[in-house]
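Shared between the two complexes below is chain A, which pairs with chain B and chain C, respectively.
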Partner chain A sequence: MSAENEHQRGRIEGGFDAVIIGATVEGLAAATCLAKNGFKTVLIEAAADVGGPAATRGFAEGCKVSDEAHLVNALDRDLVREIDLYRHGLTYSERRIQTVYLSDRDEPVVLDGDLARARETLGPRVGDDAAAFEAFFKIYGDLAETLSGAFVKGLTAADGTALAKALTRLQKDVSEEGYALLKRACVASTRAALDPAFDSALLKGGLAFDAAFGGAAAPSAQYGFLNLLRRWAGESAGIHAAYAHPKGGMGALADALRRAAQSAKVDIRTNTAAKSILLEWDAAAGVALENGGQIRAETVISALDAETTYLKLIGPAALDMEAQADIARSPSNLILAKAHMALAKPPALPKLSAEALRGRFVICPSIDYLEEAFRYAKFGRVPPKLAMEFIIPTVHDETLAEGGKCVLSAWIHPAPARLHNDADTAALKGELLDKAIATLEAYAPGFRKSVLEAEIRLPEDYAAAYGMNASIWAARAPLLDQWLRTGVLQRGDRVDGLFFCGPEAVIGGGVSGGAGRRAAGLAVRRAKSRSSFL
Partner chain B sequence: MPVQSYDVLILSDDAPSLTAAAYFAKAGLSVAVYSVFGATPAAADETALQPAVPAVVWRHLNLQAAGLALTPVDARVVLQPEAAPLMFFRTGQHGLPSVSPEDASVWPDFVRDVRRIGADLIAMRDAETVKGSGRRGMETSLSVLEAEAPPARLLTAGRFGLKSSVEVLSDYFSSREGRLAAAAPALLEAIAGPYAAGTAFGLLGAYGADAWPALRLGDGPSVREVLARTAVAAGAVIDPEILVKELTFKDKRVRGVVTGQGEEIRAKAVVVNAPEAGRAPIDMIIEMSEDAVFAEASPSTSIYYTVDGFGRAEQAFDDVVYGRVPKTPVAAFASSANRQSAGARQNRMLSVRVQACPLRLKDKNSAARPWTKEDGEALAAQIVDKLSSYAPDIGDKILKADVYPHPAAMQSDAMRLQAADMLRNLADSLDPPGERLFFLRDARLDGGPVGAAAVAARRILRTVFKKGDA
Partner chain C sequence: MIPAGACFDNASPMPTAAFRAAASSSFANRWASVSGWTSALSYGDVAAEYDALSRSAGLVDLGCFARLRVWGPDAAAFLERLTTTSAARLTPGMGVPGLICDEDGRVVDTVSVRRLEDDAFLLTMTAPRARRLGLSARGFNVSYDDVTASAGALGVFGPKASEVLSEAGFGAPDPVRGVQKTVRGVNVAVSPDALGPVKGWSLIFAGEETLAIWDRLTSRGLLPVGLDAVDALRLEAGAPRLGADFVGADDAVRYEDARTPFEVRLGALAPLEASWFNGRGAVRARAAQPRRRALLPLKVSGAEPVDGGPVFAEARIIGVVASSAYSPRFRCVLALADIDAGFAERRRFEVGAPKARTGARIAAEQYDPASEDEDNA
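Here is the complex of A and B:
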């Protein structure tokens, strides 16, 4: 591939219908969908590998882990079908992962991987809450499922910017009661939604963590609850709102996407960085490359972050002030951090069978616990008791570790972006690791002794590794705002012919591919309307 | 015995509830005002810091004729620890505060933008609620609205409401004092800390067209008294001493209430103003021998805000979530003449409003308990301490200090406590317990809680009782 690049240095290439910048999951999805629609497509990627943050990476001797997202729960179902991802090698090592809300004192609360059946696993442990959860999931799970399409699209009509129109459209998708419910769910705090619904503090705490995950909103903050609906909108392997683990880690998912792209005849060029997006008469005309070459095409799709796409590759001159301010908006002072640990043996979680280690674990025993963690993180301190989600990928996929070692992959949320005393990143990492191990020790006695190697991954690390702006790993604005903003970013009305499927277009975050499929769909529609116009 | 029945039952007796009562009574409905939370003590009406009454409500209910007289303040003064106070004078609308020249020059843009967005949001809400409910109604009203306001503006307006006030203020003002000056009046109506998403709404309230604060200075009646008088004159029954124990429903529709005596009363609609998310402001009245000077050169009719910075304000609201009395409360105060002592030796009165205090205090084991007299005294001491950091000699001038929490906070009677908590939970719940039960809250866009209550009352008149404007 690199010899070919050498050959193309300084060359202007034509004959392509579309250029996609960035071979992330979204970029690969966009490229494949376009190619399948008959577009002659080239996909450029600055790094040597495709997949971006969806990568399986060695972090300790003989141990690998999904570097960023470790579970799939919002992979776009239309994309999977459209490009036949299973045929290209996507397999799950576990498809219906149960969720375990841990308590350091009592029995855990266990939710079946299929939330609609959680009543059985909840059992008498939580009394009336088992029935209450079933009813709650019936209402909000159904509403979420109805909205799954809208969550991918962004909250605007394709043919106009109007919020009003978008709301009307949405109203057509859901029933009248559903719409009234949604309007309240949009503004509600997590606490307000969960507190009256359940009795069990553990169940409420776990759900509150799931609702808060990735967002800047503490449980008592307005607009926080909608995030839970986003998490419940997805499906994996045919089960609504379930989590699945790709066999071989997230890198294997990227590989399947790469194979799908190749079989659709996408020209994938790695080690090829974009320098700028070419504009002619305010319309996209192709991409200028760092190596001095150009690729000309009437459709350009960017899978890089909004700031890089709009302010670096296009430049502020082509954007109005309001758009610039919106794009360069200062990120939250909270971040998501990830902990990877290589263990000598699986953690011993009392009151759980060995089989249960196949679950997704959440440490957040009450809403107040989470509130306290937000309170610490907000003021630049590492919470002494962390709220976290972890899985033990080696339990259901032995290929990830050698020599009987065990891997633990954990998301820590919320974490402070910076320490209050402005100490350096190393100090923040040290403290996060320290508190993560201490927190886990409280739930799995003897945990500390089993840790062989460990690392913390912060936004800066991801930014450096995958060439994106660190701000996309900061805690996100309320989902409603992401929803509205995505609609604006996604469509090509800032620059004709440019479509966007960067991380900001993935409403609620996670591994989706939906934004890429959507961007490709918009590009196809534009091309069709142009050809009929001419 | 025939069951007593009304068109509308109102279960709280604060100013927004009485506003709704007056609207209903004036429209010819039979209205009764009872209480779940307990009656608001008459002495609390003495405060100079009366709720804002938008011009439209003033006109609709003819409050001028009913004797309401409020005096607009001459200045809003933002006090800061170890820094000069920031003042805005009434002359020249929202006159520029004494901040850096750069920020002062942005000020008119800020106020203009905030007002425009507020107007757009009101248009959006009105289009949705006024022009009919139901899917068809919604579609028609939205297309009407789109013709009236450009779509891009609506999107801006919609997204504005999701931001935090710090985020919005940072877009306009480069200096910390500029941001603080602009935030102070908004914090007084806030329901969450300035970093929380959604608090930008507070700015709309604080800088709306009707938002310049007015005080009750002398002998005149309070807003609540005038509203009650208006409602009674139009035929409403007001008896907040009647305790309401529970609500009754039939086929998912509210049917009425049961009183503490076990008497059932029917109503076609039930309206209540329940405190949101376990918090409510607290009023405090301090009687003084003479006025204290908080800021040199501030006019005698001023409203003062104390804000110790955004971080402190954020912590204050966090404290409330934990059921703690904030260590550095967000407060506003103003001085006025004492109504009772008029004629005799003229005592002065300092009215303080502490925004965001918990309705239930929590001890270390998170067990919730109502406010006690001692808690009130402790808060009063804390406030006086805070005030004396601006006016050191204030301690010598204080004759007495009274604290008036929301009636629900003081409730210790078990049955009332239960009923009040039940209603608060309903208000915070996502699923409405039944049709025709209305909570007066949300959408503080136009003129604070009283304005919002008026909008809600008119909406209920239209949708439930099919009556046009009063």
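Here is the complex of A and C:
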């Protein structure tokens, strides 16, 4: 503990308008937005650094990698504008990253980073599907863009969570045709949506992977397709539904947010853990700290996960039992796992130029392949052929590795949370790494020999590193469910003055900042309605 | 208050611990199912039973309530969360009535909490509600055990209840504090209780001793009293009965069927200034909003009950009579009517006779149970 913190032990501080718990991307976004609205804001973070899982971390000698999310595709555009993130040092080393759906036999399918122009890159390789994709993206891409605001806000149905009511609210935002499409898209399985639209198994497989990514729904499961719309609702570096790589990895994005927060005069305190949220007369009154101190403020925003926020910081003795049951759901038995590999040389992908290594690669040659992977993972086995997404960050950004090394960063989804024989996580990691290298070897001959060092990151590792509940890295419930639930969590009516922008509030996952901006907006609105100081 | 049985209750209700004793005392052989337990409507003469309860004392079978023993280091905190009572403030022997509310601030059940020892409580509710107890216990170091089936429960109510109990050897020294007594080898927990407006005592003991206790009390002239007489008395006080006047939020088929404490005259049981309880935030919000429905005490002319009859105002139906009974004291039918809260300030209404097909309407007048009591005193 630093001398400054020693000094603060047991102190009760007042004079703040808002306390934000957790300096994640969402927490930083919320703090900055509040400060820009004239709130005297303090941001507390248990760790020594800001950013939470958005961090660039060394994992092998001379090699760094974005520890969790490795690409930006849903960064909230209103947030970027509101806090002027580019001025605070956000730079992309690569924007409009093309997506390459790999095949172990045939030529890959390449989608331009700007999906609206994908027809050119798809080319004659997929025949009629190039035109079909253009039409498909025209419909669903437009619908997704219309919905981007709703994806940040969440849906709230007044009585319970009736889907019909929630959808009716959306009706005013989209056209009549769009609404009919949306109703279909909400309930459709990925397979049902993609099968009639395209011929190419590879294209369908790749799109199915993107739709299933992060979720617990297999391609044949109902409600799965909506996730693809969520992915297409985002934008990065000004291009709709595109991917971009921040210069310096995800940690650099967190740094830009930190600078924005500092310039807005947010009081950022690291190494300061929250012990509980103070409640007085059913309203938030501040935060009690682990070091015995208190920070008092009428607005509290939590960027920690829902279980930590509600069950630990508030506790069951002041939480409605129905809310508690809703928050403490048992997570899916599927997880997302991440593989980081340090390579001696870039992988040799046949039928692709060296320039193509700048892409985002997806290994999922068909819907059946993905279905098979889900089947294995569901029953606690590591699929022999993994479905994965990988990038080679060192191609975009040479600063991430020294001495000519190359880094590969891959998401493996789906993966089992536990092995069927209850073996320990080391065994799961070993098996995942084995299968990941074997899978990559099939697509890039000679890959195995180039691996210098490698690691697998599991939810437990993230939970330990960033002080959050491991369940948020479990595969997510269908998007519709997240959508409805997020509205309830964000609205902040569980406790007056407490707003929530934790990972559960980020619909569809990813690095967004939208939930933080939204929480700050709600807090500002509440403060305005209560007093005249603003 | 004794709840009313739902119409889809168990077709063949279970006998309470006191059923054999009650059946042998019954001349009328009129029974009802209350939460699946057989309870006597009357033992023969409703007027005599009413007199006993209002002037001297009567014996009531309380076997229809669910009883749970709750113990553990967090028992008080658990009960404060589950119910609206301030359980932690009770000293051993003390009891207090309360409600269970859901997260939307609607009434789930009426309960009473009694502290037996430092970390052991007796929770009495109208049904076991296992799901809600399970949800509520998450995060608390607490255990609970349903003792309904093994315990016998009788109540002695009325102005002379204490005297009768003392004569029978069950007297308690303190009028507000329960005691444990051993009478002729039988362990009995005697604690102050109330059936709506009627004060009295409840006796809880091992179920197999019921006949002995029943005989000990009735042989001293105590009259068994059925639900009809109890109903008349509680309507005089305007006390609602779960299942008849409103349904609990967990049993409501439609969302709007459930009621907030303020809509069923139970606002006093959900004190917002005391300890936190489940749904308090919502109850607080509801307290600030206008009521949607109101439960109105009515005096209806005539002698026939009008249960289920429509209530008219301004020539249209604005509600329904939820329960009614003839009151010997007022010499008319008293009713509680569930009506649109917009009409709660009106004095005069008309009630349609539920079974007559003549379309005849009966005049009804709102009355205030509290002021009627003062007039009589």
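Here, the second predicted complex is superposed on the first by the 519 of 534 C-alpha atoms of A that agree within 3 Å, B and C clash if a C-alpha of one lies under 4 Å from a C-alpha of the other, contacts with A are read in each partner's own complex, and residues count from 1 in each chain.
The rule is simple: contacts are C-beta pairs under 8 Å (C-beta built on N, C-alpha and C of every residue); 3 or more make two chains touch, one makes a residue touch a chain.
Remember, predicted model here, so these are calculated numbers, not experimental data.
Taken together in the superposed arrangement on chain A, chain B and chain C fit without clashing. When the two complexes are overlaid on their common chain A, residue A:S529 makes contact with neither chain B nor chain C. Of the two partner chains, chain C is the only one touched by A:P316; chain B is not.
Look at A:D368: by the touch rule set out above, it reaches chain B but stays clear of chain C. In the superposed model, A:V495 makes contact with chain C only, not with chain B.
By the touch criterion stated above, A:A325 is placed in contact with chain B and with chain C alike. Counting the residues of chain A that each partner touches, chain B and chain C differ, and the larger count belongs to B.
The superposition places the C-alpha centres of chain B and chain C at an angle of 60 degrees about the C-alpha centre of chain A, rounded in steps of 10. Superposed on chain A, the gap between chain B and chain C at their nearest CA atoms measures out to 5 angstrom in whole units.
Across the superposed pair, chain B and chain C both touch chain A at residues 160, 322, 325.
Interface residues of chain B facing chain A in the complex, by the touch rule stated above, are 124, 127, 134-135, 138-139, 142-143, 145-146, 151-152, 154-156, 158-159, 162-163, 167, 170-171, 191-192, 195-198, 277, 311, 314-315, 318, 321-322, 366, 425, 428-431. The touching residues of chain A, counted against chain C in their complex, run 159-160, 282, 311, 315-318, 320-325, 328, 493-496. Looking at the complex, you find that chain C touches chain A at residues 77, 80-82, 102-103, 132, 135-136, 138-140, 255, 276, 278-282, 284. Considering their complex, residues 139, 156, 160-165, 167-168, 171, 176, 181, 184-185, 187-189, 191-193, 195-197, 216-218, 220-223, 225, 322, 325, 329-330, 368, 371, 375, 378-379, 477-478, 480-481, 484-485, 488 of chain A touch chain B.
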